Each structure stands twice: as C-alpha cells, then as structure tokens.
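You will see two complexes here that share subunit A, one where it goes with subunit B and one where it goes with subunit C.
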Partner chain A sequence: MSTGIKDKVAIIGMGCTKFGEHWDKGSEDLTVEAFIEAITDAGIEKADIQAAWFSSCYEEINVGKSALPLSRTLKLPFIPVTRVENLCASGSEALRGAVYGVASGAYDIALALGAEKLKDTGYGGLPEFSTILGTKNRVIFPSLSAPGSFAMMANRYFSKYNLSMEEGKRALAKISVNSHKNGAKNPRAHLRKAITEEDVLRAPIIASPLGLYDCCGVSDGAAAAIVCRADMANNFRKDPVFVKALQIGVSSGEELGYTTWDGTYVETTTRTASRAYEEAGIKTPREELSMIEVHDCFSITELVTYEDLRISERGKAKNDIEEGFFSRAGKIPSQPDGGLKCFGHPIGASGLRMMYEIYKQLQGKAGERQIKNPALGLTHNLGGLPQMNVVSIAIAGI
Partner chain B sequence: MTGIVSYGSYLPANRIKREAIFNGMGWLHQATYMNGDKYVANFDEDSVTMAVASSMNCLEDNDREDIEALCFATTSSPFIERCAAGIIGTALDLSSQINTFDLTGSTRAGTSALLSAINSVNSGTIHSALVCASDMRLGKPGSSQELQFSDGAASLLIGDKGVIAQWDGFYGVSYDFPDHWRTENDKTDRAWEDRFGREEGYRKFIYEAISGLLSKYHLNPKNIAKVAFPGIYPRDHALLIKALGFEPEQLQDHLMASMGNTGTAYPLMLLISTLEESNPGDRIIVAGFGNGSDALLFTVTEEIKKIKGQRKGLKRHFSSKRDLDRYEKYLSFRGLISPEGGIRAEAIPFTAISLTWRDRREILGLCGTRCKVCSTPQYPAQKVCVNPDCQAIDNMEPYRFSDKKGKIFSFTADLLSFTPNPPAIYAVIDFDGGGRFWFDLTDCDLDSIKIGTEVEMTFRRRYRDERGGIIGYFWKAVPGLR
Partner chain C sequence: MAKKEIDDRFKKFGTVSFTAITKTNDFIDYLANGKVMGSRCKNCGAVYFPPRSDCSSCLTSSMEWFEVTGNGKLLSFSELKYGPVGFEGDLPYIIALLDYGDYKVFGRISADLGYEDLQVGMMLKTEANVLPNGQLNYIFARP
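Up next, the complex of A and B:
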C-alpha cells in the first residue's frame, strides 16, 4: 500500500538568483550562485550531497545536454546526477527527483537545481517553439507561440462566461496588477515596476486578446534546493520545511484530440490538484492553504488555475480577484514574490523559484513581502500549453 | 464517349488593383498602364497548392478511387526535379497506382495536357484522368507582364462515363517561337518586343489552329456556339474573331481585365467559364497559346445540367474579393524584396525528409485515423484511440479530413510567432463528423472569425526553409465557404 510523500522529506536549504536579463552571466554563473546560497543556507558542504537532479528546458541555449552541465560546473565528485526536462514544469521535476530519491531511502541528502539561459536567442518571447515539438509536430502544427495557445483559452473563457472583450481583459488586468505590486517589492524579481489596469489595457497586443502585460517575463536565472530525510532535518536547522505533497500529471492528448474538453480550464491541473490534496490530507483548499505560487505564464492561466485548484468556483475566480482574495493581505495570497509575471521565467528554474518563496515565507524570512503566519503553501508549475501539458503541484508546510 | 466529366477552378482570395501596381512602379514605364485587377496568390500558395484547390473543387461528388492518371500543366512548378503531380496526387489522397506527370515549358501546356488525358481515355488505356493546370508567373517589377500575369488554376476530370462535354476533335500547330522565355536562372519573364509576339505569333498561330480545326472537321463558324481563347492582346483578340468568321457574340469573354493571364490555366479557365453558361448541344472550341496553338472541339451533353448550380465555376471567385491594398506586400510575398523578419524568422528547424515520406498520407493528404471500435475520427493518425472510454489499440482505419468542413473551437491572432504576413491567425478546429486539431488559418482577418465560424481545409505551404530547399506543404483552414 503506497503512503505518498507526506512528511518524509524536508527542505533544509534553498537558493535563487535574481531573475532577469543577465547579459553578463552565463548558466554556469547562475548555477554556482544559486548553489552557494542553498548550501550556505542548509549549512552543509558540497561533499554532503549524495545525488543531484538538474533541470533545464532549452538545453540547446547555452546550458548543454545531460547532467554534465551541473556536475562539471559544480565539480560534483562523480556522484549520481540526473537531468530532467518536462517543459516549464522541469524545475518541479528536479525537486521531485531529489525528494523521491531521499524518500526511497537511497540517499540522506540530495540537491535539486534548475538553470535556464533564455536571453541568448536574439529575440523576445520564448525560443522558437517548433524546435521543442519534435520533427513531426513542427510540420503539422500551426505557427504556434505560447501566448497564442493561452490566448485561445482566454477566448473560450470569455465566450463561456459571457464576458465582453472589455470585461474579460479588465478581469485579467487585475491579475497582472497584483503581480506587479508584489514584484515591485522583491529585489530579486525581473520586473519591478508597479502598473495600473489602464497600463495593462493599453499595452500592445501579443496574441489577441492577450497584451504585453498579460505575459510573464522571459528571463535568465537559477534556483536550488537541498533536501534531506525528514527525521534528520532538525540537525541542520530549527525551521525546516516539510514536503506534504508532490504530484505531477501529464495530458493524455484528449484535450486536442477528442472533443469533450471545453477549453476554459486545464484538465491536468484539476486532476493533479485532487491527487495532491489527497496526499497532503487537504479537504477544503480554500480554507486550508496559507499561500500559493501558481504558474502565471499568462494572466488567463492564473485565472483558470484558481478554479482548477478548487479555490474559486468555476467562472467565479474573477469575483475573488476583484475582492482581493488573492492579494497579499487577502485570504490566500497568490504570487507574493511577483510570480512568473514579475519574478520572471527562466524555465528550468521556475518550479524551484516558486518553492523558494514558499520556503522563505514559511520561515518568516520574506522581509517586506512577509505574509502573516503561513502554515501551508502550494506551488503550481505548468509546462506546455492548455491543449497539452504537464502540471506539477507541490505542497509544503512547517 | 470521351470528354469532360467534371471541372473545378481556383483563383486566390487576394486581388490587387493594377492601378496599385502602377502607382508603385508606373514611373518606370508609363505606357504599361492597364485597368482592372490581378489575382495574387497568398504568401503560402504556389502553382501546386492552387492546383490542389481547383482539383478538390473538381472532385467534389466524384470518386477519387477511379482516377488512373494525373497530369499537371504549369510553367511555374516550385520544383525542377520532383514530380509536382505526385505532390498533388498525394494531397488529393489519390491511389498510388496511377500515372502522374508534369507538362511544362509553355503556357500551351494546359491544352496539351487536356489533349493528352483525352487521348489516354479515348484509346481505352485508362478510363479516368485528372488534368490540372496552374500558374504563378512573375513579371519584373514595372513590366507589362507584371500587370498582365495573374495566378490561378483549373482542373478537368476526363472520363468515358457521365460526360458533360464530349470531345470531338483537335488541331494544333507548334513553333519554336521565342516571344518570351525563362531560362533555369530566371525568376521573372523575359520577352522580345511586344509587337513581334502579337503580330507574328498570337494573330497567326491561333488563326491557324482554329481555322485548321474547322476545316479538318468540315465545320463552319456558324456550327459553333462559343469559341474561347486567351486574350493576352485584347484588341487582337477581337480582330482574330472577325478574321476567323465568327460573330462577336460567339466569343467567350477573355477575362483579361477582371482576371488576367493565368498561363497554362488560362484556356482551361475560359473553357470552364464557357461550360458554366452552356446548354446541351452547344459546340465549343477552346484554344491554347504558347509556342504555337492547340485547338480542341467539344459538344456539351445533357449531363451538363447535373453540374450546373454546383460551386465549381469561376463566377463564385469573381464575387468574393479581398483587396491586397499594398503592392509592397505582393513584392514581399514573391521574394522580390526581402523585408526584415527578425532573428526568430531565421530559426527554422531541420526537416526530416524521411519522416515526411513515411507520413506523407497524414501530412500531404491530411488523413488521420478513425477508430474501428468507437468510430472516433482523430488527427494526426493514432495508434491508441483518443476516446478515454475506448482506448482501443491498433484498431484504426484511414480517415480523410481534407474534404471535411469544421468549426472554429477557439482562435487567436498572434504577433509573436513568425509569419510572412502577420498576425499569425490559427485556431483549434472541431470537424463536422468528429475530430479536433489545430491549424493555421489563411485568407482571413481577425475580424472575420469567431468561435463557431465555419471553415474548410486548403492545401498550403506551412513553411519554407530556404537553406535546405524545403517547402513544407500542409493544410490550413479557411473561414467561410467560398
């Protein structure tokens, strides 16, 4: 009988670089910076690490294939290192690998590190999409971009809930305004300017109906976590954070191949969240969660995620947003670090960055952004597109 | 009886006013001024895609399995070596047990292809052949050819059953007459003096072909209902008719002002517009021109009544119109100027030809699969049924989506991803009868689509890899049933 991951593994150290356009830094610089912060925070030596998981999505940009970029950069002494890639959920996959490695009893201490160097492409937005779709898909897929695929979800959502373009865009604008408000207070965030709803509505269109401020930053960065057996966590620090759930779900292909999905939600999030809540023993997420970091690659993603996580009712996330439910002073603060929107999105690092904020908040070390007495935080890390994707949900608590 | 069983035509959605071209380049040669419109293939079209479009139109309501030959006439094949008729046949999902060939070298290839197909059927060697003619020729910016040339395609299904126009005869002349030409290095047309082509060629060869046809079959002009031939020199077109002894009302409108010179497709399009207006018993002469002239004689049968009223002729094209207001856009689509596409435009991944061969029916033919257990159509072809309540393994049959209509499930207009004609409009399409996939949309604006808009499929260039000499053909959706 499987018992799940709850309370078997603790996070005892984390690191995260400033995310942004690091024209003067390569993935090695970012990797070392995140690693040093994590082991210093954990109070361990490199030699204490018994295994490592490394995540990066666009390995062809600067980083390189395999686990070698991590082991060679850090000079890890011939230990097991695994490279994982699961689109934008890669960072959560690295954490999952390390946590499961420790939970299996094979290791006492493991490292998860994600790094991405997106600004070496020569253009804005994510790197040319078709390179990651496989040699056949690029022949038969349309001229897709990430914002375009999520824009299609926004159009479906507006249509289903009878929102005019104006009403829909304004609902989404409030989401970006909240992220910018939080990001402005975060010294490590990529985008640190507070904005107004009017700024969002006036911004140039990227993929209709989504405009520039509906889209997250595309950044360079790295983040790392040191995990260990739960029973030894207090040897390292008095405030370890415990993993309560770590779930991942992947599309079956039904969304784009069959005709039952209505395009206004992410099926994978719904299913993965149910498993994660069960694993963590959460019955009513709206009452029990203290804070969340969701995958707000686009404003519409954040909107539907509130509903997919069963925090807001279907079609009602808009009301919760308007009432400040997800603001820093609200019932469940969302994106207290600025989210992907403002903290930025170096793909392979993002899942770990989300956990970094939960970890710091749970320890009461989030400074100006500190939420009052959080006990349980959730990260939602989405890879791919609404029509086909990977979703990772991690829940951590004290 | 051998003759035409069905016809289909295609003109691109985009038209440009010749005045717009003249406004751009007329300063160079003021004498080139011409009235009317010219049809302009979109950036994702070429002679092959247009031939598929006219053939899809021609084959509506006709069995594709019976076709035994496919002949493609063009002077503007995208390939010097690779049988374009083979691409067209695969796109049309025809059997591979057929004879395919390209006929090229002269604008007369359209009528020659027609004659060749007729001869094959008439000899009894085969029973059914598809002829398609398509051209997308380029004149140099500022030339009179640029104003005259137009893009379009025509298809004729030739057979020995259900004939709407019986073939009755042929007469032709062939001359190595170099009024214009292109060598392997020429992207645009080269021509000798206009008067030479007109007086020494056009007036003489068409006269010889049509008068030769009449005397060969002991006919006089009064026996003929309509005579159709290219009007590339409109004034001489009228003079020729007079010289041949026809009355003006026997002359089929040459469409030079409203359509232009569509090359190999031109005489076949004129034949189609004649058939659109013909009655049983009408005798029709059609002549092609280019390094000589071909003249063919047909008699319309009672079967013509069955095809009338279907959306196969040219009239529907003339009534739908999208103005390409910018001459610069035309130059850009044809590669006559090289606009900045950004570094993203250069990030074109490698195409595995072996893959496109392996999956040719799926890619070029838009064939997915239908589950034999639950009947769910699915694209692309699946091994495991996508219906969550079925999930049958390896129990599929081929299923063609190219001739299915669909509705827009959701859409966007994307300014981030690269396209030669931004924004990139694409949509998830739900097919009538089942099946869902996403496709680029073409020949449309964001304003003209919404959730639920009806679409049909059109064969296009999905991408172009200049470095590898790759043309990535695939299918796109077009909103509205034109």
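Up next, the complex of A and C:
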C-alpha cells in the first residue's frame, strides 16, 4: 500500500544564484554557482552525489538538450542524470525526481538543479510558444498570449464576484506591491524596487485589465537542492528540512469541455492541493501553513491561487489581501522572497527557487525577510495557462 | 498518386498559423465554405472544439463533424496591447472565450466591436472570416 513521500527525504543543502540579466554569464556559470552553494551548504563533495535531475524549459536556447549540459558542466562522474521539462513547473519536477529517487531506496544522496538563460533571446516575455503547445492546441487559438489568457481570468473573476474594474484592479495592485516590498529586501532578486498601488494602476496595459506591474518578467538564473534519506540528514546538519508532500497534477483537457469550469479558478491547483494536504496530513491549511511561495506569473494568478489552495474562501481573497493576511507580518506571508514578480523567473529554475526561500526561512536564515518561527512552507509552481496546465505543490517543514 | 502529398491546409488558418498537419484538416475546407466545425464522438457523444479525430474520453476514432451554430455566452475577454510573435501587426485586438454549454470556443472578437461594447455574459455568435490577405479564421460577432 502506498504511503506517500512524507518525512522520507530531507533537503540538506540548497543554492540559488541572483536572478536577473546575466549578460556576462552563460548557463554554465549559473549552474556552477548554484551547485557550489548547494554542496557547500550541505557539506558534501561532488563525489557523494549518486544521481541527478536537471530541469530547463527552453532547451534550444543557451542550455542545450538532454542531461549533458548538467553532467558536462559539473563533470559529474558518469552517474545517472535525468533531464526533465514540464513548462514553468520544470524546477519542481527536478526536485520531485531527486526526492523520489532517494525515497525509493535506490540512492542515499541526489541532486536537483534547474537553469535557464533567456534574457539574451531579445524577447520581452517568453520566446515563441508555437512549438510548446503542440499541433492540436495551437488550433485553439493562434493569437493567444499568456498575459491575455490570465487577463481573461481576471475579467471573469471580477464579473463573477461583482467587483468593479477599479475594485478588482486595486486588489491585484496590492498583490504586486507586496511582492515588490519583499523583493526590495532580497539581494538576489531581479527587481529590487518598492512600488505603490498608484504605480501599478498607472502602468501601461499589457492585456486588459493586467498592466506592466501585474505581469512577471523572465530572468536568467539557476537553483539547486541536495536531498538525502531522512534518517541520514542529521549527519550533515542540525537543521535539515523535511519534505512533507510533493504532488504534481496535469490538466486532462476537460476544463474546456463538458465541465462547469468558468475561468475563475485553476482546477489543477485545487486537485493537486487536496492531494498534497492529504499527503502532509494538513487539515486546515489556513491555520497550519506558515508561509507560501506561489506561482505569481500574473497578479490574478496569485489571487485565485489563494482560493485554490483553500487558504481564502472562494470570492473572498480580496478581503484577506486588504487585511494584510499575506504580507510578511501577516498570518501566512506570501512571496517572502519577492516571488516570480520580483525575484524573477528563469523558467527551469523557478520551482527550486521557491523551495530555496522556504528552506532558508525554516532554518531562520532569511535575514531581513525572516518570518517569525515558521514550521511549514508550501510552494505552488504552475506551468501553462488557466485552461490547461501543470501544477506542482511541495510542502516542507522542520 | 505515386508519392503521398503533404496535406498542409492549416497553412490558411489565422493571421499566422503555427499548426502542423493534423487529421482534422477538413476544418479548413469547412471554414472556407463559411462553417466553423467541431467534432463529436459517435461512440460516447463527447464533443470537441477545436475538433479532434480521436476521442480522449473513450479512446475510439469514430468521429463526426458538427457545426458551431447559434450563440455562445461570452465567458471572458481581454484586449491585447502586446501580442505573440507573428501577431504584432494586428495589435491591439480582443481575445475572448465563448461558452456553448457542451464546449467552449476561444477566438477573437470582430473588429467592429470595441472593448466598451463587451460584457461578460452577453451572447455572441461564431463566424467564419476571410482576412484581407486571404487567410482564414473565425471571429465572434453580434448575433
């Protein structure tokens, strides 16, 4: 009988580069930097690693295909290295591979590393989607953009819950203000500028109602984790972090079919969260979670995720946002490191970057951003669009 | 036919088409004749838009075409000021999602409807459309 992943694997070392515009570095430099921080943190040697999982999303750009970019960059000694890709949730997929490899008993120590180098592609958002969504999906809608599809979620949400455009946009603005406030305190964040609600509301529109500050950008960066058997963890450090749940859910495509899906939530998040809470033994997430790092590719994504994670009631996230529930001093701080919005979004590294912040916070090493006595953190890593996507949810604790 | 010809009819779809060859290429011939078509599984009744040639519900391949007719309810919409690669020249344009009950249709709003004219919940119809450059697409227009 299956028993889930809870408390079988520990994270004993993590590394994360500064995210941003690394014109002077290649993906190899970023990979090495994240790796050295992770093994130094864990107190292990390269030779201690028995298997590795590598994530990168836009493989033709800079990084290259297969697992070779990782094994050759680090000169890993002919060990098994697996390449994974699952859109923007790729980084969590690498962590899942390493954690499951160790949980299976096949390995004692494994590495997960994600890297992406996008800024020198010359494109402002993501590079061309045509080859990503595949033949059939492209028939749906050739002129669709990622901001546009999430913007439709915002308009639909405002309409369903009777928010005026002004009320809705202001609620979203508070989300971006919170991320910028946290990101400004993070030396590794891509964007380190505090902003006001008025800045958000006055910004140029990308896809109505979403403006510039409602959208995250893309970045260059890499992040890494060293995981080991839970019963070995204290041999390496006194403050290991334990994996409590690691779930991935992928759309079946039915959101656009017979279902009642109305575009105001992400079905995959609700289902994956339920499985993750069950695996971790969490009954009331609003009471039990200490902090969250969610996939704020757009401000509206963060808002509906509060509800999809069953932290806020349906239609009530706005009240929690206004009361500061998700601010660093609030009940469940969200995006303490600045999130995708400010820390940045090098696609294949983002899931691991989220866990990096949870890991540091749980160890009390988050410096100026430290949350008071956190015990349980959640990462939510989403790839794709509201109507078809991959969602990965990880929960870690001490 | 000595050599199998490449059936690339989807090249005619949209301002720019990124669609590779699919078994549902007749979609384009219907579109050229003014009809926007989805597909229905003859075995289990599942309905698909965009059309599929294989049913993901019962995993059989006995499909029939049906025409997207009547009005759908506007589920949501957004006006794009920045577009994906290939669509920069069309900006700004409005994207939308229509709910037909059994299925939903993504598309673009007819150019004669402005952002102010739109409201979630209003009824619109799906129409085949020929673009000035001869490409084919479909748009959402007033009933």
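As a convention for this text, the second predicted complex is superposed on the first by the 389 of 398 C-alpha atoms of A that agree within 3 Å, B and C clash if a C-alpha of one lies under 4 Å from a C-alpha of the other, contacts with A are read in each partner's own complex, and residues count from 1 in each chain.
FYI, contacts are C-beta pairs under 8 Å (C-beta built on N, C-alpha and C of every residue); 3 or more make two chains touch, one makes a residue touch a chain.
Quantities reported herein were computed from a predicted structural model and do not represent experimental measurements.
For the three-chain model obtained by superposing on subunit A, do subunit B and subunit C clash or fit?
With subunit A aligned, subunit B runs into subunit C, so clash.
With both complexes overlaid on chain A, does A:I205 touch subunit B (first), subunit C (second), both or neither?
In the superposition, A:I205 touches subunit B and subunit C alike.
Based on the superposed arrangement, let me know which partner A:A67 touches: subunit B (first), subunit C (second), both, or neither?
Neither partner.
In the overlay, answer first, second, both or neither for which of subunit B and subunit C A:G148 touches.
both
If we overlay the two complexes on their shared chain A, which of subunit B and subunit C does A:L289 touch? Say first, second, both or neither.
Neither partner.
Looking at A:I195, would you say it contacts subunit B, subunit C, both, or neither? Reply first, second, both or neither.
It touches nothing on subunit B or subunit C.
Regarding the shared-chain residue A:G122, is it in contact with subunit B (first), subunit C (second), both, or neither?
first
Considering only the listed stretches 20-28, 38-46, 128-136 or 290-298 of subunit B, which one runs into subunit C in the superposition?
Clashing stretch of subunit B against subunit C: 38-46.
For subunit A, give the residues common to its interface with subunit B and its interface with subunit C.
123-125, 128-131, 135-136, 138-145, 147-149, 151-153, 155-156, 159, 204-208, 252-253, 256-258, 263
Residues of subunit B touching subunit A in their complex?
342-344, 347, 349-352, 355-356, 359, 362-363, 376, 378-380, 382, 386-388, 409-419, 423-424, 426-428, 430, 434-440, 446, 451, 462, 472, 474, 476
So in the complex, the part of subunit A that touches subunit B is made up of which residues?
Touching subunit B: residues 121-125, 127-131, 135-136, 138-145, 147-149, 151-153, 155-156, 159, 204-208, 252-254, 256-259, 263, 387 of subunit A.
In the complex of these two chains, what residues of subunit A are touching subunit C?
Residues 123-125, 128-131, 135-136, 138-145, 147-149, 151-156, 159, 204-210, 252-253, 256-258, 262-263 of subunit A touch subunit C in their complex.
Applying the document's contact rule, which stretches of subunit C touch subunit A when the two form their complex?
10, 13-22, 24, 27, 46-52, 56, 75-87, 90, 93, 95-97, 102-104, 106-108, 115, 120-121, 137
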